[in-house]
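Each of the two complexes below includes chain A, the first together with chain B, the second together with chain C.
Right, the complex of A and B next:
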């Protein structure tokens, strides 16, 4: 009996580091799949409100995690609005006022175009492994696929969400679900990813559903319409001069 | 003296015309007193309420803190010296979710044991709930909340991480001051400090005594400075209401002017007789001016007769304010008790007297240019 117990303890001890390593590997592979050198995309954001839904269409250009430029194409009210992110700075250009403003501090916590996303949600560009301790909780089935369930606990201070849970598709290394928690453990936001499609040798979920767990409502759908990866983007796209009429 | 006697007799003889002029002038007199008294009463009660519920003897604001700038709540914080008398308040931005609707607000942490402000914070100490909170009746109405309701509240800690917890409404207070009610929720200071990681920190210190000591890293806000917005609102209200009662005064004065012009036109023979009996044109002019001025004196007397009991009654019993008035954004109780100062009464009387004498003198100037012979003959001039 003692031998069996000792063997079990030994197995558990040897497995634990493997699981931790596996969790890091999963996230690393997920990052590798999801982060291309450059991305050019056209997308729609369907914001479901109390009085109905509205759709905002945009085109985005990004280089790594640090540089991103988005131009809104529709509806007419939002057309021409531009957003430029350079590192930890974010500017918004409004064609109605012909002015650019830099968002900082609490302004980053505002909702993007009335959606369930905040500017801050879009600003997070640090690697998950650098800011969260990873733990593999187990495996389960989601959307008909085998997934790993990972728990991420903040290892640096000041993260908006001190705890996250991610469900990662075992075939394509794409997230299928994510839950964002408050310090107290209260669920704050839920993200559901679906319609995974191949773009070259990478896989991306083309529909992301954002839902503020504290609010009633149907949340916001982010639909990826077109995606071009690793194409050259002229440098002026990531310059403040682009924020003009 | 003869001029006064003559003027008085002439007015008595004019009968209904005198009563009409005096009545309208008395109405203007009472109305001016009423409106100004109402605004002064509002001003006084708004100040008293602000002192009782919000300002006490004055406030210290931590350097960089501005109540109108939510961005400053994070930076404008400090540890307060124990020697200060009063109560600290910590401001944080947050949101509540009544029935799944997001409602952004300011979370204010105040010691549950404080007795300086009229807020019923003792309810926080008495509550058995894990995280009790107080709201005002306006906030309760807006969010459709009542005592005992439980709902989620979200905020950020000092580093910026989200935190959320269920709160319970421990009480709904009825304050005449929207600035301690709308868009805010009151919780125990220690509890909020612990949950946000801001132990011993607060944005403002409400002082118990008017003469403050100097506190490093904080700016003293005099009571007069804190009450200045109320004064400005009342001044603006006075300005706009002045327009209406000055129009009424102008109509009354026009009637007086008209009476004077008519009387000089109709009483030319009388004017000629006065002059032929030895009065100088200046004396006749004075007589007619006095007649006009006497209308104002009668008006003030008449206004005093019916206005004094009426205004006294209103000052004692107050004027009930409609529910809608509460939504104007300034302190307004369920009733306003007008305040009539001696300066106000004197000033109003002087305005009416001076303007009445002026409009009476204006047409009477013509008498000096009249030919006494033509006047005696009753020829039109």
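Right, the complex of A and C next:
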């Protein structure tokens, strides 16, 4: 009997660190891991259409969640196209017209380069804890890792996804899966994160598979090729003048 | 006998004038109503054909499944050779590709900053090949509110409400942002050369019309086509002919497993227009049926009354020795002649009215100015073969039936009572 009791106490002690975490602590740690002061990355977006796949390559610079600048490198048709996000405003520069166009309204719901991502997906910059009520649903095993399953329900109006479910890796505080729902409960998008790698003392999934549930096709893979964290980025990168340079 | 009866009808006009007039009016209204309804339904279908469906349309199978979303990424490849094939195989039709897509119009101020923006619905037509008749088909010249049609590359037309909202003037340039057929971002500058007003709010507030070549460049769709529309050269939709052509074309593609293989759909098979055509025909038949029935009852009643009014005359004729059968036959032939004359006059005037409205129509342009529904602004009648008999036969038979029924009384009269009745 004593042995059984000891074993139970031991098991409880082993589990305690995980169970003791609240949903908001998990999300806070995930945000802390994922959000560096600055990020400079080179990435590929492989868009799997019904007729085949195409790859778009870009380089991005971001500072916090509010400022981001992306320059498309390939293919030839996209080369020179630039995107600047400052707070809730987004500009796109096209070398073909030599114009910077600010996107607003329903245009933000359009797909980026025919992918499964919308401009709105790129615009979301508020902390999850500020806009969602968090609830820990339990634990599971995913991609061979123990994960927490969290449910996020909007506590502010006007979000693109009023409900989310996130599977968070317990080792690295990295999301491994995310489901985005409409208010009606319909699944809108599914994100799968894989190939988690260490960048300094942080961990990032280097492949993200986006699947728009409302679109036919095989989804979009976002592949992180290079990532530099907390490096200084000149201020002019987040100024509209960068677009026409 | 007929000559004798005609003489009677002509001399005793109090007996024939009103029956002929009533028959003629009834037949006229039936013919006119039928012709006008046929014309209006036909115009609505033709409007759909001109703007959207064509008499026949060729798309890829994958595109056809989602046609209402205009998924240009599922367009047909090697469209030039397909177009050449269609033109060779089906020369009775004019084949023309069209493109539709959405985009964002951005008008810049002097500093190059966004001054105004608006979402655009772009329609691209082959305006550089006049023999295809696209400008006439969409009535562009008449709808031109100001400016001219595009002649050079990068020239476009814009809906009047759209242009007013953006505050753009003729000759000004603007940027259009959208996606290529593969989803890449696409940007081009265009010059506004004309403002159009179709009178339909839904079109006028967001439409942009450009030349097909410009749209192909914008969408990166060289040698690709989203929709190839076919129009009968005689300009009238033939259900049977369209069905035969579509079935023949699709049968030739039946063994092709490619989801991007071409498929041909007739007007009836698109946008639930088949259901609409059936519904329109059923409604038309029902309304005309009710009208014909009402007219028949009136004419029948008139024949009946006419027969009863002549009760005394028949008594005298019987008393003078005329056979009952002969009187009955004379009565029937007489009503047939009256019915025939009335129906002939009614059909003639009805056809004349229909012909007039087929040529000139009723212009409701002003009434439909703020309409949200895509309707033709001029309602026209249509002359069809069935107008020759749709009023004529009921007009002829109804009065005959009335007289035949009233005439049965002749056989119930006995010679013994005749003189008593006449004395009274």
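Quick notes
To be clear about the criterion, the second predicted complex is superposed on the first by the 223 of 245 C-alpha atoms of A that agree within 3 Å, B and C clash if a C-alpha of one lies under 4 Å from a C-alpha of the other, contacts with A are read in each partner's own complex, and residues count from 1 in each chain.
Rule of thumb we're sticking to: contacts are C-beta pairs under 8 Å (C-beta built on N, C-alpha and C of every residue); 3 or more make two chains touch, one makes a residue touch a chain.
Here the structure is a predicted model, which is why all the values come from computation and not from measurement.
In this superposed model built on chain A, chain B and chain C take up the same space, so to speak, and clash. Touch criterion met: A:101 reaches chain C, while chain B stays clear of it.
Of the two partner chains placed by the overlay, only chain B lies in contact with A:184; chain C stays clear of it. In the superposed model, A:242 lies in contact with neither chain B nor chain C.
In the superposed model, A:92 makes contact with chain C only, not with chain B. Once chain A of one complex is fitted onto chain A of the other, the partner contacts of A:215 are limited to chain B, with no touch recorded for chain C.
Measured by the number of chain A residues touched, the leading partner among chain B and chain C is C. With both structures placed on the common chain, the touch criterion links A:154 to chain B but leaves chain C unconnected.
Superposing on chain A, the segment of chain C with clashing C-alpha atoms against chain B, chosen from 98-106, 242-250, 314-322 or 368-376, turns out to be 368-376. Residues 105-106 of chain A lie at the contact with chain B in one complex and at the contact with chain C in the other.
Every residue of chain B that touches chain A in the complex is listed here, in rising order: 70-71, 74, 93, 95, 97, 99-102, 152, 154, 156-157, 159-165. On chain A, the positions that touch chain B within their shared complex are 105-106, 154, 157-162, 182-184, 186, 188, 212, 214-217. Note for the complex: chain A touches chain C at residues 47, 49-51, 54, 56, 75, 77-78, 81, 92, 94, 96-97, 99-107, 110-111, 113-115. Residues of chain C touching chain A in their complex: 62, 73-74, 104, 106, 108, 112, 114, 117, 119, 175, 177, 179-180, 182-189, 220, 259-260.
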